[in-house]
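When the chains are written out, they are named A, B, C and D in that same order, and each has its own residue count from 1.
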Amino acid sequence: MAELEKKTRFMKALMELRELVMSGALEPGQRLSEVAVSQQLGISRTPLREAMARLVEEGFLERIPTGGCRVRQVTVADVVDSIEVRGTIEGMAVRLAAERGAAPGALRVCHDLVDRIDEALGASEAETDFEAYADLNAAFHEALGALAGSETVRREHARVSQLPLAGPSAFLQGQIAVPEIRRSLFVAQRQHRALIEAIEAREGTRAEALAREHARLARANLDYLMQRDPDEAGAVPGLAMVSAG
Amino acid sequence: MAELEKKTRFMKALMELRELVMSGALEPGQRLSEVAVSQQLGISRTPLREAMARLVEEGFLERIPTGGCRVRQVTVADVVDSIEVRGTIEGMAVRLAAERGAAPGALRVCHDLVDRIDEALGASEAETDFEAYADLNAAFHEALGALAGSETVRREHARVSQLPLAGPSAFLQGQIAVPEIRRSLFVAQRQHRALIEAIEAREGTRAEALAREHARLARANLDYLMQRDPDEAGAVPGLAMVSAG
Amino acid sequence: MAELEKKTRFMKALMELRELVMSGALEPGQRLSEVAVSQQLGISRTPLREAMARLVEEGFLERIPTGGCRVRQVTVADVVDSIEVRGTIEGMAVRLAAERGAAPGALRVCHDLVDRIDEALGASEAETDFEAYADLNAAFHEALGALAGSETVRREHARVSQLPLAGPSAFLQGQIAVPEIRRSLFVAQRQHRALIEAIEAREGTRAEALAREHARLARANLDYLMQRDPDEAGAVPGLAMVSAG
Amino acid sequence: MAELEKKTRFMKALMELRELVMSGALEPGQRLSEVAVSQQLGISRTPLREAMARLVEEGFLERIPTGGCRVRQVTVADVVDSIEVRGTIEGMAVRLAAERGAAPGALRVCHDLVDRIDEALGASEAETDFEAYADLNAAFHEALGALAGSETVRREHARVSQLPLAGPSAFLQGQIAVPEIRRSLFVAQRQHRALIEAIEAREGTRAEALAREHARLARANLDYLMQRDPDEAGAVPGLAMVSAG
């Protein structure tokens, strides 16, 4: 079998298994049966096993001493720290881009994405196209990770963006329902523009600080969902697996 | 087979394969034959395959489109950026420790390790016990990664310390032979003490900056070895695989 | 004459002379006649001379080699850098407050001021009481400067807040007329709350970064007034003395 | 009288009065008699009064409610915070130089000064020419303050360098006698080189952090002199006026 097809099957297995775990359909602590999951998702054992190994690294699953994996109990503290890690690495990525100078073409892509996010946002929360926002936001953050022109930085940024609920769009699907969070998108977009401005002005310290503060919005959304309105937590995929403890 | 034994065999395979790659015995670009490596290292195929997958993630190997893995061409830029990533995550770890407050017991361990590093250093370069220094230094950095009391932070710190030549002791084995680098150990130790002082004083900004500057010593050593004295590069395991390009 | 009365007369002279210079009534480069200014403002020569000396230090006036003072030509670059200095010192003040821990009473004062700023802002720009906002904002920033419990820090913060157009409320009087700037008050208030949150959580790095970014709002307002709408610049006292050069 | 001569007489009065206060010859709390000081230093009343006003601003003197000035009781905390202020402003100056790019000519001056500091240091502490070091060090720090090409930044940096014992060479005169501090000069010089390297590489975050850490050396020297060896404190002009409280 060609390597490319192998990789495709692995990526498919990874995304479907990650989604299954984040949906809360599997209880924390519950042992994953390879046979059952393989049948449920319709994927063969080899890519499934590789996907499980990856989810162990990402902190969604943990190995059981007697063999196999189980769903990990993710706590709010885990998610808070994962967001901190992502914000820190994203901050490093944009600082290096500012210090080393970003390629004009890559900056144009960022400008273009931010312009299109403006369109997705619309004039007010009532007009926002959330699906478009989530896609463009994910693309913008991916572009930030690559802006320093370093494959090492890009790879690490992509990796930490996969930590439990640490990704830039982790809370976006639920934001349709939660006004408090919907308003935060306009604050986020203001930070997007400031980030590009700082990188272009070669202001690395400011760019790094903005990226960290930007990640704090995700944490504020997490706090809001966990503390003030437990019912709304169900609206965000992945939050179902998070315990308050 | 028990999970624990599986893990032990995986760790053994990982360390031996990593050492083999870093030794320069395999040419960059050379395809790894599972059969040959399995026989050479005397480890069975399953843990070997898992070790190869990990080394792909760490940036030592890369997958070949037609199947299998080959040794990656690691450039100086890769190592520079890996050191930057490690310094950034270590900086985050000590900043969080300073902000949240570190456990007294964990701080005592750090103090104790630094005292023992003083003993290993001796009064001057001529007296330094390098093997002891390297071990204690590795233990000290591992302790820093855990000081914030966060499993997420500890795990990420441990992971980025495995990036190619990014670990805190990556250049220590070669330092026996290189006076310039041997002197740098005394500068490093001064930074170790300042780091603990800053964490205890709850000065997170200073702690983070010190950890980053501390990682820069590794980069200075890399620059020194690559630029000024190509012959000495051979004395550092792993440098053999780094191209100047 | 009692020292207190002397000081009062000096402060009165200082404020009136500063206002006169910022009003643009005196041309940049124009020599100040002690006699004329003394009569115009109705203040005696000794406090006037002390006030002139202070305004030389603040960068509003400059000494003439042949004796006396003249109004300095303040450029946009001067104001940009003065804002940077103020943001940097304010950042240091809140970082130290976070690291050393702020007194509960002083934090309560900050919380109270921010609550009252909410009231002054109202639900939207149309409802904002600008005079109340400007007073409360000035009081809040003064409180931030004192939060570290250091007289040295408080004094330096107060001093740099007097640099040309660097103060936290420098652009507030004109904001009545400029919608773009009026909207920025709501962004500023969000930063006020985040600042207190960071100080209370002992997060010095975040507090420092927030204070710097907060000062950038003043710079954004300056840029807006100077570049996009020269006519509106007249609405802000002090901008009349700033040249684009 | 020409303005230039006036300024010269003011500067002379300022330096002599500052030296008198720092020598400890005047008790903290002691009222300064204008007549007596004027006769003692051989300077006329007008420049003396201006010098006293400046020393009030610098924190060496304080005004008495009933008129006149007295020597302020400077505490260790005052000096610690003054050093922090100077390090913060110096950090800002070098960060801006890195971000905006420093003029090649100005950088050459810095390189040249650092080369000459190497000569002044010699191969070991026994060979160090302290007088030359102190002069070159002062010139180097003055050059750093100007490197961003901003008159506002240069002026503020010069001003905070005059805060009590906050200047870069505040502890240098006493270092002839104190081995611990003499060794610190070699650490300081290492930081000088790293500072220039960071500015040239456009690494503003690193440059700022280095300048702050560099100022910490002054604080370490202060701590050393105040806590471990009260007798040696007498060797440093200015320390005589500092109380431990």
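We take it that a contact is a pair of C-beta atoms (placed from the backbone, for glycine too) under 8 Å apart; a residue touches a chain by one contact, two chains touch by 3 or more.
The structure presented is a predicted model; accordingly, all values stated were derived computationally and were not measured.
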Centroid-based (C-alpha) most distant chain relative to chain C: B
Classification of the chain A:chain B interface as same or different, half of numbers criterion: same
Interface with more contacting C-beta pairs, comparing A-C to A-D: A-D
Mean-CA-position distance for chain D and chain A (Å): 49
Between chain B and chain A, distance of the C-alpha-averaged centres to the nearest whole Å: 27
Inter-chain centre distance, chain A versus chain C - centres from mean C-alpha coordinates, in Å: 40
Residues of chain A that touch chain D when the two form their complex: 95, 99-101, 201-205, 208
Chain C-touching residues of chain A, taken from the complex the two chains share: 187, 190, 194, 206, 209-210, 212-213, 216
Residues of chain D defined as touching chain C within the complex: 2-4, 6-7, 50, 53, 57, 59, 63-67, 77-78, 81-82, 84-85, 88-89, 92, 96, 150-153, 155-156, 160, 163
